[in-house]
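In the part that follows, the structures are each spelled out as structure tokens.
Below, subunit A partners subunit B and then partners subunit C, in two separate complexes.
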Partner chain A sequence: MTPAPPLTWLDKLRDPSERTLGVLLLAPALLLLALIVVYPIGRLLFNSFYDLRLSGGSGARFVASENYALVLDDTDFWNAAKNTVLITLITVPGALAVGLGLAMLANLPFKRQWPVRLALLLPWALPLSFCGLIFAWFFHTEYGVVNDLLQRLGLADAAEPAMWLLRPGWAFTAICVAIIWKTSSFMALILLAGLQMIPKTLYEAAEVDGASRWQQFSQITVPMLMPSIIVALIFRTITALQTFDIPYTMTRGGPGNSTETLAMLIHKTTIDYLDLGYGSTLAVGMFLLSLCVTAVYLRRVGNAA
Partner chain B sequence: MNRRAAAALLSLWLVLSLRANPAQAQAASAPTIKLRVFAGGSGQRPDLTRKLLATYMQRNPGLLIETEAGGASSDLQRQYLSTVLNAKDPAIDVYLIDIVNPAQYFGAGWLEPLDAYLGEAATVLKPYLPAYATSNVIQGKLAAMPAWADAMFIYYRRDLLDKHGVAEPRTWDELAAAAKKIQAVEKQAGQPALQGLSIQGAPIEGAVCTFLLPYWSQGKAFNDANGKLTLDRAVAARGLQQWLTMVDQGVIKKNVAEVKTHDTNNEFKAGQVVFALNWSYAWDRYQQDADSRVKGKVGVMALPAVAGGERVTCLGGWQWAVSAFSRHKAEAAQLVRFMASPEAGKLLAIQGALLPTSAALYTDPDVVQAVPWFKDAAAGVVAGKSRPLSSEYGRVSDIIRTTTSAVLARTRTPEEGAGDIGSRLGRVMR
Partner chain C sequence: MKVFEPRALRFIAAAIVVCNGFFPALWILFTSLKTEAELVRKPISWWPHEATLDNYVRAFTDQPLLRYMGNSFAVALGSTVVSLVVATLAAYALARLNLKHRQLILTAIVASTMFPLVTLLVPIFETMRSLSLLNTYTALILPYTVLNLPVCTLVLVSFFQSIPRDLENAAMIDGCTRLGALWRVVLPLAAPGVFTAGILAFVNAWDEFLLALSLNSSGSMRTLPVGITLYQGEFTFPWPIISAALIVAIVPVAVLIALFQERVVGGLTQGGLKG
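Showing the complex of A and B:
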């Protein structure tokens, strides 16, 4: 009997072992993932150590941590970070409260459920920038429906209409209202799915035991819904930290830069100022902030659950 | 499916994906050359650009030119082009840019200097008005070619001024007094929302001029020939204060910090404004648009001066540039030469009331017949001032317009605003 010739790599490829085939089949996906996740993040970190001002025309210059020192001193960065955190702190609980209400409403035994569910879906399906433009119209000093309503109800003077988007505090409030309107339907959707998983028998048993409506809500609904609430909160918090479209279309960060978020500052630095190095450093700053907030938050919420 | 078949499929996919796309190879060998032109938003009249391009295509068979339009304002168009050009995308060959942009685009290496295709800058730009000859030459190179000029004017309701026996005002104070007089009577007669003057106070590109106009009018320069900031903060604060005083007098509306150029247009067309500060293209909008209620009632004049100052306007205008990433630069450069020619300028003036960039067209009989006020406008355009030419213009513009809007919204005082602009721009314009 002649010994078998040694296997070449081509033979191995033609008749691969389970392990090799696994690696081979995963490779395209891994490659793709590296291309769209690892490469951009790596490039961002790399750029953040360079002076990459396109307007200078001098090409890239390594500046080590100079950009980072500038970020720490940059009042615009801290202002935007403050606004971003505030928007998160206000709109995440806000959307949760409104979303929970909407979900409970949609869970009521209506005869026809589809109109309610459709109405629930609509704000979620609307592009963010449309939502911003719509609310900018709502709050417009002269043409806005908000001032019109207030005047019709006799709550405001027609001669002195409120300039919602031109007063820092009011502009901030208006933006939060728009964000809560836009995002609570997504919350409601996740919570509605959770509500429908709660067995009806639990409520029947509670009723037999004489539990009040409030007791049913706090003792059955909320604990049974907790996993859904946590998922919804995590998603919402991450997107809230990236807020861009709604303030951009409503106020462009104004008046002054009192409603500018981190994402807007990064956009302005890279696209308007063409300062890619510093923009990347700001983006790293935002990434770190998101990381901190999410970590603290997951811990808290996780412990509570 | 067994392992062998899976491995075979995988190799097949790899081979297929590595092969060149056959459609691409075919397109390259086709006789027609395709050019893509970015023609700006509706304010830049892409309809007229298409007309010119159709003429050019007729004369140059074998050339296929596609037009792309969009971006409601100069800054939105700049954002779009920044994204395309930053990606070194060869999709757009020729693009239209605002007068403030050649320096920035040149600095970024996004536009192809045209000297090699069209000749030396000084010779090529000789027939054009000085402001446009200057702003298209960066570091001695021909960066772009002037398409049409633009400048700010005051549009007014000729019928109302005649009715109340008011002459064209020569200073802003006179304008405020005239507006108040007309407003007082008309408000009694059932026009309670009549505005005296409409200016742009939203943080858009136009607000840069809103800041510069009263500053320049006091005889001060914003920057020197090298682009270094020469801001006089006290003068700048006085200029901003002038607008706020007019708000207090009820001449300008209170929410001026919300007003964009199209608000001024719509409100003037609806007959709600006596005087409007706007670019020259607006004339055509007020006279031709179907929804204009002021057709035949509009007058136009040079900008007033601050008391004791000079009458000065803010120059705008548009330029054609060739992308540095174009695959057909020579053809694109020839197209740009045509788009900047007197022939094109004449069509734009007659059909779109767009101000010509070459001096000769202002006295051309056909142009004078179509737009009689152009012959008076020429002097204003020649005396007009350009916004600072800076490779950092994106930053310069953002700082000025955001601060001006904040002052007009009264979240900053004029003194604080002038201080902000001075200290922030001082670091950029050195």
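Showing the complex of A and C:
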């Protein structure tokens, strides 16, 4: 921002204190943040030390670190943590690879831009829960289009269709495919904006120097695109750790709890079982986990840049 | 890269991107037009041969789809308006006033996106419960506003910064108060930015699932994403009816983004790259 020009006497007359005005203008935003983010964080920490079950009828009971000890021994928690981290580790690079591919294709000089642009915007605007439902239908054992395609290509046996959503590993794969499809478009949009900012002259100069296509890609495109890639990766990692909608609508965490994520476990514990104390402790666990993953990840990404 | 790609190659590239983006919606459209008999015929047909609109009728009669849609509109529109008002005031202060902790406040607002909102599900649920706000529009409008605050503020700050300060000063010399200048001079010029931020906020709120599922679970207050999951019975998945409901639910937002694609892309990449 450029420094403000000195205030004229007129400004001072009309507007005695810039600070007061600033406080007034920022107040609604900060109040909302306090109500929806800051107060809940405090409340969350407080809850996590209490036995707070709405279904039992007994009031809150202070249990110190008992909830935390339970979480550490809770196989459901570690299972959900494993699934969440795996989903992040698979779908973030997956979406980056697919998104980069889509962005490079979309960056070609087309006569009409809108079909390509709309094709990238539609998956972004589609609610995650709708995407889950659509892919659940895609991966349907009997009438799903995925099995149909595999059979037409001769990759699967029509007599024994793959039971995608009924087998743990395959359900997990199907969920990852759905997440990658849904999120790669947003990646592509951000990367496309980055691609369009790379000056054409760089490629022309490389061409003159006899650089191959691969050299142009690895020596010009990737380094120039790095800032956009990092922004996209950070956004995607944060949302991937919160994965809920797609597994919830595709499998409800099943079969068993093989595709249950941390967000789903917290939702089940608090909203379905009304165990707010333990649910809060799980949420603290999830928060710490996402903090670790984000920190490690950012360091890695930072080093790569 | 070479500027002259062969036309065929360009066509293939466009076809890949377009298929990837439209195929799921198209497939759902085909499914929604099929009869139950055609749906379970093997091998499965792609194109609906005996097209029917019955599924659309049932989508509206089996579940109160219109009501869900109304709820979604109310919540999304409500939170969009509140986000815009709150973000406009905050962005103006951050872009124009000499504030000591300007950068810190902007960072705090943006950092709230980084916080996994899921982990706050419990306390938000408790807060809304103790305020007796569960199953009201307000229960969703408030958190959605916070959800949208970072992107709206970022988009608006950069818009305000692009408007020359002289225009405002001139208006103030002509007798406008500072807020008067904001309302009469700056906002009309920032209208495209406000509009872009508004579309992003609307789509975000329209799409949200977890909070809607947790806070507004009673039948008449469900939003579309939650309501649509209820067509499935315990053992039955009436896919043609679900598909019809999905198509009905996708159309409003699809039309919105189709009409304003350039703005949406601009807003997304601007909010994204600066964050």
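Heads up, the rule we're going with is that the second predicted complex is superposed on the first by the 275 of 305 C-alpha atoms of A that agree within 3 Å, B and C clash if a C-alpha of one lies under 4 Å from a C-alpha of the other, contacts with A are read in each partner's own complex, and residues count from 1 in each chain.
FYI, a contact is a pair of C-beta atoms (placed from the backbone, for glycine too) under 8 Å apart; a residue touches a chain by one contact, two chains touch by 3 or more.
It should be emphasised that the depicted structure is a prediction, and the values quoted were computed from it without experimental measurement.
Colleague: Of subunit B and subunit C, which one touches more of subunit A's residues?
Modeller: Residues of subunit A touched, subunit B against subunit C: more for C.
Colleague: So, A:R236: does it touch subunit B (first), subunit C (second), both, or neither?
Modeller: A:R236 contacts neither subunit B nor subunit C.
Colleague: A:P168 contacts which: subunit B (first), subunit C (second), both, neither?
Modeller: Touch status of A:P168: first partner only.
Colleague: Contact-wise, after the overlay, does A:T141 reach subunit B, subunit C, both or neither (first, second, both, neither)?
Modeller: A:T141 contacts subunit B only, not subunit C.
Colleague: In the superposed arrangement, which partner chain does A:L25 touch: subunit B (first), subunit C (second), both, or neither?
Modeller: both
Colleague: Which partner chains sit in contact with A:S290 here, subunit B, subunit C, both or neither? Use first/second/both/neither.
Modeller: So A:S290 only meets subunit C here.
Colleague: Going by the contact rule set out at the top, does A:S228 touch subunit B (first), subunit C (second), both, or neither?
Modeller: Once the two structures are laid over each other on A, A:S228 reaches subunit C alone.
Colleague: Based on the superposed arrangement, let me know which partner A:I271 touches: subunit B (first), subunit C (second), both, or neither?
Modeller: So A:I271 meets both subunit B and subunit C here.
Colleague: One more residue to check, A:N257. First (subunit B), second (subunit C), both or neither?
Modeller: Touch partner of A:N257: subunit B, not subunit C.
Colleague: Considering only the contact definition stated at the top, list the common interface residues of subunit A for subunit B and subunit C.
Modeller: Shared contact residues on subunit A: 14-15, 18, 21, 25, 140, 142, 271.
Colleague: Can you name the residues of subunit C that touch subunit A in the complex?
Modeller: 1-3, 5, 9-10, 13-14, 16-22, 24-25, 27-28, 31, 39-40, 42-44, 46, 85-87, 89-90, 92-99, 102, 105, 108-109, 112-127, 142-143, 145-146, 149, 153, 161, 165, 169, 172-173, 177-178, 203, 206-210, 213-214, 217, 224-226, 228-229, 237, 239, 242-243, 246, 249-250, 253-254, 256-258, 261-262, 264-265, 268-269, 272-273, 275
Colleague: Can you list the subunit A residues touching subunit C in their complex?
Modeller: So the residues of subunit A in touch with subunit C come to 1, 4-5, 8, 10-11, 14-15, 18-19, 21-22, 25-26, 28-30, 32-33, 35-37, 39-41, 43-44, 47, 102, 105-106, 108-110, 114-131, 133-138, 140, 142-143, 145, 148, 151, 158, 181, 185-186, 189-190, 193-194, 200, 203, 207, 213, 216, 227-228, 231-232, 235, 238, 241-242, 244-245, 248-249, 262-263, 266-267, 270-271, 276, 279-280, 283-284, 286-287, 290, 294.
Colleague: Mind pulling up the subunit A residues that touch subunit B in the complex?
Modeller: Against subunit B, the touching part of subunit A is residues 13-16, 18, 21, 24-25, 54-57, 140-142, 161, 163, 165-168, 252-258, 268, 271-275.
Colleague: Note which residues of subunit B are touching subunit A in the complex, please.
Modeller: Interface residues on subunit B, with respect to subunit A: 3-4, 6-7, 10-11, 75, 78-79, 82-83, 86, 104, 106-109, 202-203, 254-255, 257-258, 391-395, 397-398, 402-403, 405-406, 409-412.
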